[in-house]
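Each structure below is given as structure tokens.
Next come two complexes, and both contain subunit A; in the first it sits with subunit B, in the second with subunit C.
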Partner chain A sequence: MKGRNPIERCFPVLLFIPSFVVILFVIIIPLVNSFYLSLTNYVLLQPGTGKFIGLENYVKILFDPVFHQAFKNTLLLMIIAVNLELWIGLGIALLLYKEFPGRGVIIPLLVTPMTVAPIVVGLQFKWLFNEVYGVVNYILTQLRIINEPLAWLIQPNIALIPILIAEIWQWTPFMILVMTAGLQSVPKDLMEAAEIDGASALQRFRYIIFDHIKPILWIALTIRSIDVVRIFDVVQIMTGGGPAHATEVLGTFIYRTALVDRQFSYGLAGSYIAMLISILFAWYLFRQVRKVVE
Partner chain B sequence: MSRAYVLKAVKYILIALILIVVLFPIYWIFLTSIKSEKEIVAYPPIFLPRGLTIEHYIHVIYGYSGLTKFSLFPSYLMNSIIVASVSTIFSVFLALFAAFAFSRFRFRGRDALFLLIIMLRATPGIALSIPLYIFYRTLGLDDTLLGLIIAYTALNTPFATWLLAGYIDEIPRILDEAAEIDGASWWSVLWKILVPLSRPGILTTALLIFVFSWNEFPIAFVVTSSVASRTATVGIYTFMQEFFIDWGGMSAAATFMYLPPIILAFIAQKALVRGLTFGAVKG
Partner chain C sequence: MSGNGKSDYEHNIMSRRISRRKALSTGAKIGLAAIGGVVVGAIGGYLGGTMAVPASTTTVTQTQRITETVTSSVGAATVTQTVTKTETVTKTETAVITSAYTVTGTTPAISPTAPLEEVIADIVAEVTGKRPTDTYKPFKGITLRGLLIGGGAYEPLYEIIPTFEKVTGATVDSTTRLSHFELNKRLVIEAEAKSDKFDFFSDHTSFYAGWAEFHLPLNDYITNADRNDFLGKVFEACEYEGDILILPRHSDSRLVYYRTDLFGNAEMRTRFKQQFGYELEGPPQNWDQWFDMAKFFTNAPDIYGFVFTGKEEALTGTIYEATVAAGGNFFDENWNPIMNDEPGVMALTHYAKLYQEKTTPPGVPNYLWDEVNSLFRAGKVAFLFDWPGWYTLVKESEVGDKFDLAIYPKGPANKIAVWSGSHAFGVNRYSKNKEAAVALIKVLTSAPALYFEATKTGAIPTRRSSLQQFIKDAEKSPDPRDAKRLRLLMEVMDKYYLPVPKTGQWSRISDAFWPEAQKAILGMKSPKEALDTIAEKVREIMREAGYYK
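For the complex of A and B:
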């Protein structure tokens, strides 16, 4: 399919121009521009700043204990949340595997959390974990799991738990949905044959289902891991990174330094480090996925 | 009572429990939005209220008498609707062109597109929002609806392109080749054949992008600063800072936010799987 005249030949390239212009304008130019700013000592709304200082901000941030805390928390959330989501999601997907009356309604109901705005999810859980009127405290004291109502979002040593639960509530449905799609790819006749041959449910899971869904499992794991690195909305509305940086994540760190403390160039340096970490991480995981899929 | 029967019962009970856990937070916010002030702050919490009220909705829509003359939330909602719908239309149009090129012409660029999507997906929104804010301030685009519309269009277009290219790939090439032999231009192949045939894909992609924009927080949070462009997610956040004890009002505001996402969950689950796994899982 070759174009017949020069205009036709250029046509495919012309098709990209509008998208390219918008992306250049919103993503590339600002990123290049502020990369330069991150190499200066620019402070928001303070004239006379903006002197070139090279990599000073980057060096400083690597030794910043708050940044370490943010990095640690982001990693911790990622490891715990993604693993729990994966196994709970897989369990639920297996439960929903066989056709039964009502399945068609139950799946969309179970999927709803992942489409809700993270800011609203944060609001929900902030209310559920409220230290005075919260339902969570009520239920846990009734079940005698805790003796006294806990100040979930105020006590530094437990403040990460409500955030973790909000994250798991919102994203386990993603795993359910992806696993359900994956389970459909398991050949039905293979399962039936194994059942007739007397393979136990566990054996069928291990040798047939798990083998078939492994690539999808990896993809889901990768996507969710990348997502957690970006976590911001839920934390910002629930704790703002507090108390005393106990729930600080990369997102809240960047926001606070750049816009609250007005250390613009310093916050930008944080942004670029966060971007670098996530992109390298994404790249690594996708390479792993490719290996598993092939 | 056979063993199979017991197993089935256990399964249904488990599913019911899971449903309760999943839906409870949403139910609880909705319930809070229609409870009286007194029942909201009752302890133990009231699971089935005696009387219902719409006063919180009135507060959210018309404001509190005494505190402020009118509420800003309806304007925030309006901003969200405008920004999400206009940017969705732009993204889908731009993406259709690019997807068409990816799907119907030989390109090496497809890997590059995927890389761009992954990079965008991996970039924290807040990390992108600060550079954007500086840039917008110099152009006077900060705190404008147009600024947000352009930002969301740019962020969603690569993703929409990827999805739409997947849908167009599924249309047999023979159809557009036949049309081309009959003398149709590429332009009319796109609009008369490919677009009508991929309409369900286009609609679900649009719905997905709409909800992404509707739910977006970090960029709107940084780039907007007043009612001129503040969207509903930012509205809820500021509401929380200013009226942090008014759980009824906040819940009423949140209830408005649920509508588009719930519609999405019900009519486009398949697109959700496909969309959120970048087409890796067809759903």
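For the complex of A and C:
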């Protein structure tokens, strides 16, 4: 650095300024402002609110049964959906591992659901599971699995199932795509050597394939877990969090509280808790990735 | 639009003015207006009387001196003559409104077809005490700024604003046009800042109480003619703690849509009588009939007797109107929640019963307006309560020629209550141009303006005279339901219109209400338990909002 003139020394900082300004206005200031608002009693469209109340919203939300339900459902969706997506995705990716005629067409077709807007997915599955005209009820009654049509999106004990299926339908292709890419990193000669040495298919999967795709598997899990924590569109379209909060997730809870119920600061407290959960998951999963890589 | 770029309405107004000029002189107009004023005043209270809307024939004898200045043109020559005559006018007027909400053809208190420029001049004279002329522009140099609701359905009315500018000399900035949600948000910000940035604004009966202090009370500017012309219950909805804060523009109230092919089917009627012991004469007249008919027409999954919106505000409003029809309310006069009293329990029990007895599709708790109406349009429902805006779509559907409309059945308290709302205008209390702003919103809610909006967008005007004229137009339609729908809506707005409670907390109340109501409908809780929980939550909301100081 010695001997460089001040302009040269400042040049890297100058290059940094535009992105810093954008980040400042788009991320940092809104974050600080919204965090401050979450410490007030601000009610949207109600004059005279916005007084500082400290952590009252956070304390209140921790005892709110609707928030508990939303948290439970989000966790349930995350555990079930992400795991099923992973194993189904990995299974399909393994099927596609070997070259065969038409493979180049099948992969793009399989990833089509990912390209559909979540709102469209929500509407589509809402109709598929419609209690009167839904094709799911039609098939199940024709196959005599059920005697009369089920109100899938209405009965609180089963209303989460159609949402789970919609989510898995849309995002399993993501896992297929990521796993297919991961499988490409498995050395072919190693696989051939193992085969010649008499390793079974399961052994080859366990000791060669799985070991090689582990880092990418953890990354895929991280991305999808964070995605599920902020699930909103599909649930909002299919059930709106109902009936009677049975399918409430963190996204619908925050939306309804902050914008419909207009308890803006309370909703913000909810969103900060959701953000904290996302960060914790991301931290844990990235730690796993690092461990695997190391 | 006519060829010269003017709207058809402006063009019609101009045509009317020209033809009138041919027929009468300016002086004769003044004379006739005086007679008309006295006669109509005797009937509608125009000249300051407090008479309610007359219900029968009234005879008025009036002696009036008329001075006419007749100006006529023949080719290039202009002839002017003054005629002075005294005549006795004996006139028998039939009441403007008769029972059954029929249009009699008599002159309404305020004419929706009056030339707009004259109406504007009258309103300005009312507000300021001085009538504008070609040379006197009372609001010259004043710029009025409006915070308005935007969108296709709302904006045609604003085409009237340039005429207001022309007559009064004011400049109106009406460029701030926002969605309903954004508008409300902005109004709160303006109210909190006590800002004078906007002089007038769009508003709504369901929300205005949330920023009541921001409104200029309009009591002093409302004439008896206005009071009589705005439909009764709609106008009541604009009054907050004794002050009129907003002037209504157009309204939304629900009606019963029912299938005539089912209700009029002879075999069905016979079977209904055998089953229930009374005649199936038409849509239900009370809650018992409502349930019987819903049950009777249900043949799931092909057709259901009834359907309702089972979530969000659409459910809250539905139970609210039923609670009032059962003789209750959501609040007492001190804002204590009373929705868990017997009428509320009856209302929620009724809807829960309709659902649990499977007279409605099982998906009801997930239905909003789109779903319920599409089921009716698809012929899957015998009757439902729905908004006037769906009418055209239903007419174009496969049940288009086999449905009719009616007013709600009476509730257990022998009452009808129809959850309704109206778009409106208000004036900023902190405006520096109050009189001009009041004049403008009075013009925007005048009879010709509301009639104009109705013809342009199909919106249901809140003035009796405008709606009557709209009905007259609809009577020319080959489909008698077109006029019937408007007559029914007129009756609803006059008698059964139920605004939401006048508090800024309605959204929060609704959000506390419907998930618990859903639990009762689904049988997860009893209606009483659900309503007790709701009442507790609502009390907390009202306490937080400072209602129990």
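In the analysis below, the second predicted complex is superposed on the first by the 278 of 294 C-alpha atoms of A that agree within 3 Å, B and C clash if a C-alpha of one lies under 4 Å from a C-alpha of the other, contacts with A are read in each partner's own complex, and residues count from 1 in each chain.
The rule we apply is simple: a contact is a pair of C-beta atoms (placed from the backbone, for glycine too) under 8 Å apart; a residue touches a chain by one contact, two chains touch by 3 or more.
Everything numeric in this text was worked out from a predicted model, so none of it was measured.
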Q.
Touch test for A:L109: subunit B only (first), subunit C only (second), both, or neither?
A. first
Q: Classify the contacts of A:V132 with the two partner chains as first (subunit B alone), second (subunit C alone), both, or neither.
A: both
Q. Given the touch rule stated above, what does A:V26 touch, subunit B (first), subunit C (second), both, or neither?
A. first
Q) Touching A:A181, do we find subunit B (first), subunit C (second), both, or neither? A) first
Q) What's your read, subunit B or subunit C touching more residues of subunit A? A) B
**Q.** Touching partner for A:Y272 - first (subunit B), second (subunit C), both, neither
**A.** first
Q) What part of subunit A is shared between its subunit B contacts and its subunit C contacts? A) 130, 132
Q. In their complex, what parts of subunit C are in touch with subunit A?
A. 184-185, 187-188, 191-192, 207, 210-211, 213, 301, 310-312, 361-366, 380, 504-505, 507-508, 511-512, 515-516, 518-519, 522, 524, 544-545
Q) Tell me, which parts of subunit B touch subunit A in their complex? A) 11, 14-15, 18-19, 21-23, 25-26, 28-29, 32, 40-45, 90, 93-95, 97-98, 100-101, 104-105, 107, 116, 118-128, 130-132, 134-135, 150-151, 153-155, 157-158, 161, 177, 180, 186, 211, 214-215, 217-218, 221-222, 233, 236-237, 240, 247, 250-251, 254, 257-258, 261-262, 264-266, 269, 272-273, 276-278, 280-283
Q | Residues of subunit A touching subunit C in the complex | A | 41, 43-48, 66, 130-132, 149, 151, 153-156, 239-240, 242-245, 256, 260-263
Q. Inside the complex, what are the residues of subunit A that reach subunit B?
A. 1, 8, 11-13, 15-16, 18-19, 22-23, 25-27, 29-31, 33-34, 37, 92, 95-96, 106-121, 123-128, 130, 132-135, 138, 169, 173-174, 177-178, 181-182, 216, 219-220, 223, 226-227, 229-230, 232-233, 236-237, 250-251, 254-255, 258-259, 264, 267-268, 270-272, 274-275, 278-279, 281-283, 286
